[in-house]
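Encoded as structure tokens, here's the structure I'll be asking about.
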């Protein structure tokens, strides 16, 4: 059994906590949250103890930590966990400040500690299906990728203001996904967007509706369209177009119920939110970390992956600001 | 150019007349209809002449005739056309009285005249697709067939009263289809039905909603469900289930237009009627007859096929009356 | 917490045991299996104790029992549990001998004990969706129902020989489903079938490929087609055809992955087996029993439902034997 | 009857000629082609006469002309037809040289002559369906448009060299389509592309794989992805994403035939080429011109539409060359 401690007992923390509790090879020993009541409540549900401080956790005998606290605490908790030699599952993003991200990456560079950054879409069975098919040559050489990423509704304006903007907050999942799918890093990005849903989002200096084009060194092109609001639920789908065919990770319906009526065929639509659509991926990501800790050689999203996705986001933000395509430069800790 | 004469200038006659007129290897020379005005109108549209009588047509130099007049005239017109040595495209059914059908079949037995009975669904590209795949072994040995056949709305009660009943009038297309698809004749039928749509149909001695099971000598089973009314348009689809897979001739949508809205995905439904769905098959059936007349070896629905479909209908009617499975006996003109 | 004991630690027992263990309102206290080793293994996995005998369980403080042992033990275990006043989740069928089923029903008739018979398809979200839509009048009055039920491959011949035959063993799920969907009992059944997959099944006195038509008192008709083998996975789908439209519980794909290649569009197919397709229904059925025990007024498949499904199966077997439609008579314990 | 003359008897000319011949309100009187033999052959098929020169046609009593000759003759033939006061159906593009296009537009500006430019996709029933739904408010305000446009295979290199490049030749259909769908003109374009299919296309100074983003004054965004080769047939589909939902003009399958086999569901794919997919649109475009000539008030793609699409193409070419977003300026003949 792998003994976990968890930072954070909020919305996403509850999901992670329950997953650790039901994983046959894991147990959740400690929970820490600045809101003690939240920590107590979750601890009671999953049979864990409340911890008094991060330091107590780092000093304990836990085998791994899961960081599900608020974004601005990730870097510090990562740093402490690395120092304590604990493998980590860390929710994305690592930090909104790219320099703090680099510091953590630098710190971790020679440790060999398994650190999984929560790009859990890498564990979605549909997306895994098209990636595997691409890798086995099913459609030849990749030429175009097309990603649709639309949330049902914008988050609260208060959240948007501290979110780092649409690209650091929402699109970042797909900056990681395109690298993971293509098997190479994009070298240039052109981003354009507007606040079409809510002018207040624009006044806050952000956009809610964006289109981006990214170029790979191979010449392959990637389009992302990203909206903070889809009136028909959570919409995420991907097309990979290659020299010998096309792969589609289709829209996933909520149920397979259809009504034939009048001149229409009416089927159940998409999931109401990203959580309903993506929930199974969190457990699989946790399972991946556990397998890695047990010595299996499996791929997972690393700190470097987290850093790279954020560097793409930085370039996209620069492109949005200047209305110019921007070259993406990747920093690596060896520099 | 093959010179055609046509009997009948009504609803279906207009379709056939226009098809002959636009076929590059055919021309429509004469039209006869007991309603002279209808004949004149269609003749003007397609550039044909009105004929004064069937006898005039039989005596003329036309190469072929198309019988699209009312059902009760088919047998006599067929008989005269056979005597005159004219190949025929005859709308289904041959006659509601099975004995008159046998007489015509007997008359035609040694003539080698191409006589095509209008089971035009044999020329539907979807149905042809599953038949070809079955024949090439795509799904192994056929074990179950499932046919859905639903009209948008019942015909007028006055028509129902002279139609010969649901099986002779509507289901007969699918009695032919199942033989054509399976490549063998059914040997037994169990039919059950009720007048669920309109009690007046029941009072007229007919049913409007039926389910049937037919058995082939090979052991394969066939289900037909047949309704005089579907609130969502014309619904026809077929499944062939075999030892190595399943073939589906799917419902065909009117258009490929979809709306994602709220919690639903709403697509354009089926065609409003059988004509919109099946119209292309009439031209192809005509084209098949022309090819046969030119010496090509292609399959087409013959008089014998027309007879067999009606013998199945007779057995189904007997089954409906007695609520017992009924053996199907096939008469052949050699007897 | 509701304390459960479970009879049976085999294939289906493992699924039920894990479900009880992860249900937040339940715990699995005891497991009994004639194979002690199996009981020990499952007990270790879910943190339960092995019980020495059914009697020990009945005498214990458990709040409910789950019967997942072999079919021939169900009636006796049910009877003992009823005597002990324990609510029951009992796997289907109750017993292959209809008289033993009646005895159990008679015994339970005045107890008010919640006894849930494992027709878990009633908890499938797709099927629930069409039932709810029918009940709310979405398609008007039901006129035709069409059920497809095909297993990927036949069970072992040794199992078939003791299974009670295709209708008591496989089709019985759908005898329950049609009653549940239609909201009324069928009054007559015509069943026909053959051993098309494996002659040995025929030699064992059974069929592997069947078509049935059932009539409701309302005049509505139901078709079931049922095969022991589908070369493309587990296939279950339902159509409800009504006066104002049609409802479909569609085939459920394994994943939403599609390849466009050459002249084809190739999508992921169905689940490899019924378990992968139906697994979520077992947890929901368990949850329903727990809710009923807590006083919620929710529908669930009762002993009477189990009895009725088996009486339909008996009539279907009689129909298959005689090739005649058979009236279905329902026995009730008040008689 | 409207008497037509046609310039051009090549591939697309044959289609137009046959359409005129079968239109009940039109007849094809004359055909002119610099290749006299081609003109003679088509004339024989459709019952027309061969004309000796364009001048002869302009001087004749024909009511309208159809220009289906090679692109470099369009401007001159348009000019002559306008002078002769003949309504025109002109294949796209008007001319590869934007200045010659302006000259023709200028010439036609006060004539009120119906001149239809062959953007026949405006008459595709799927695309018409989503446009109508957008206009009636089905999805609220348009925010994002997404167009996929992929030919099955690149044209001959010799054609590519004189085609004006991918944007003037292939993408131009969709520059028109986006204006027609959105109901407003784009104001800026960013285009990027590469020769991924065939290096020879790159050596010829062209691209074969492109992604573009266009902005409308309303803030709405449009993405086009465009390839000269799709290994699975002709692929064209459109998404309109709005504040209240999404409209999709789906991929259109060749047939509705599906095989369930092994772990896959295999359906018939797309059409082998654009002609099979788009053929019905040519007849409808012709019919629209005829209706306009008869005084009906219906929309159709005009010379101005042709000009605007080409001005977008010019801006896109400039963007591709400079890797910068480019403002689109629209010239109008009043200037």
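Going in written order, the chains are labelled A, B, C and D, and every chain counts its residues from 1.
One rule holds for everything that comes next: a residue touches a chain if its C-beta (ideal position, glycine included) is under 8 Å from a C-beta of that chain, and two chains touch if they have at least 3 such contacts.
This is a predicted model, so every value here is computed, not measured.
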| item | value |
| --- | --- |
| Most distant chain from chain D, judged by the mean position of its C-alpha atoms | C |
| Which of A-D and C-D has more C-beta contact pairs | A-D |
| Chain C and chain D, separation of their C-alpha mean positions in angstrom | 58 |
| Inter-chain centre distance, chain A versus chain C - centres from mean C-alpha coordinates, in Å | 40 |
| Cα-centroid distance, chain A relative to chain D, in whole angstrom | 42 |
| Residues of chain B touching at least two other chains | 139, 230-232, 235, 244-246, 260-262, 267-268 |
| Sites on chain A touched by chain C in the complex | 22, 24, 45, 125-126, 129-130, 133, 138-139, 244-252, 255-262, 267-268 |
| Residues of chain A touching chain B in the complex | 230-233, 235, 253-254, 260-270, 272 |
| In the complex, chain A residues that touch chain D | 139-141, 143-144, 146, 148, 150, 190, 192-194, 196-197, 209-211, 213, 215, 219-221, 223, 225, 227, 229-232, 235, 241-246, 323-325 |
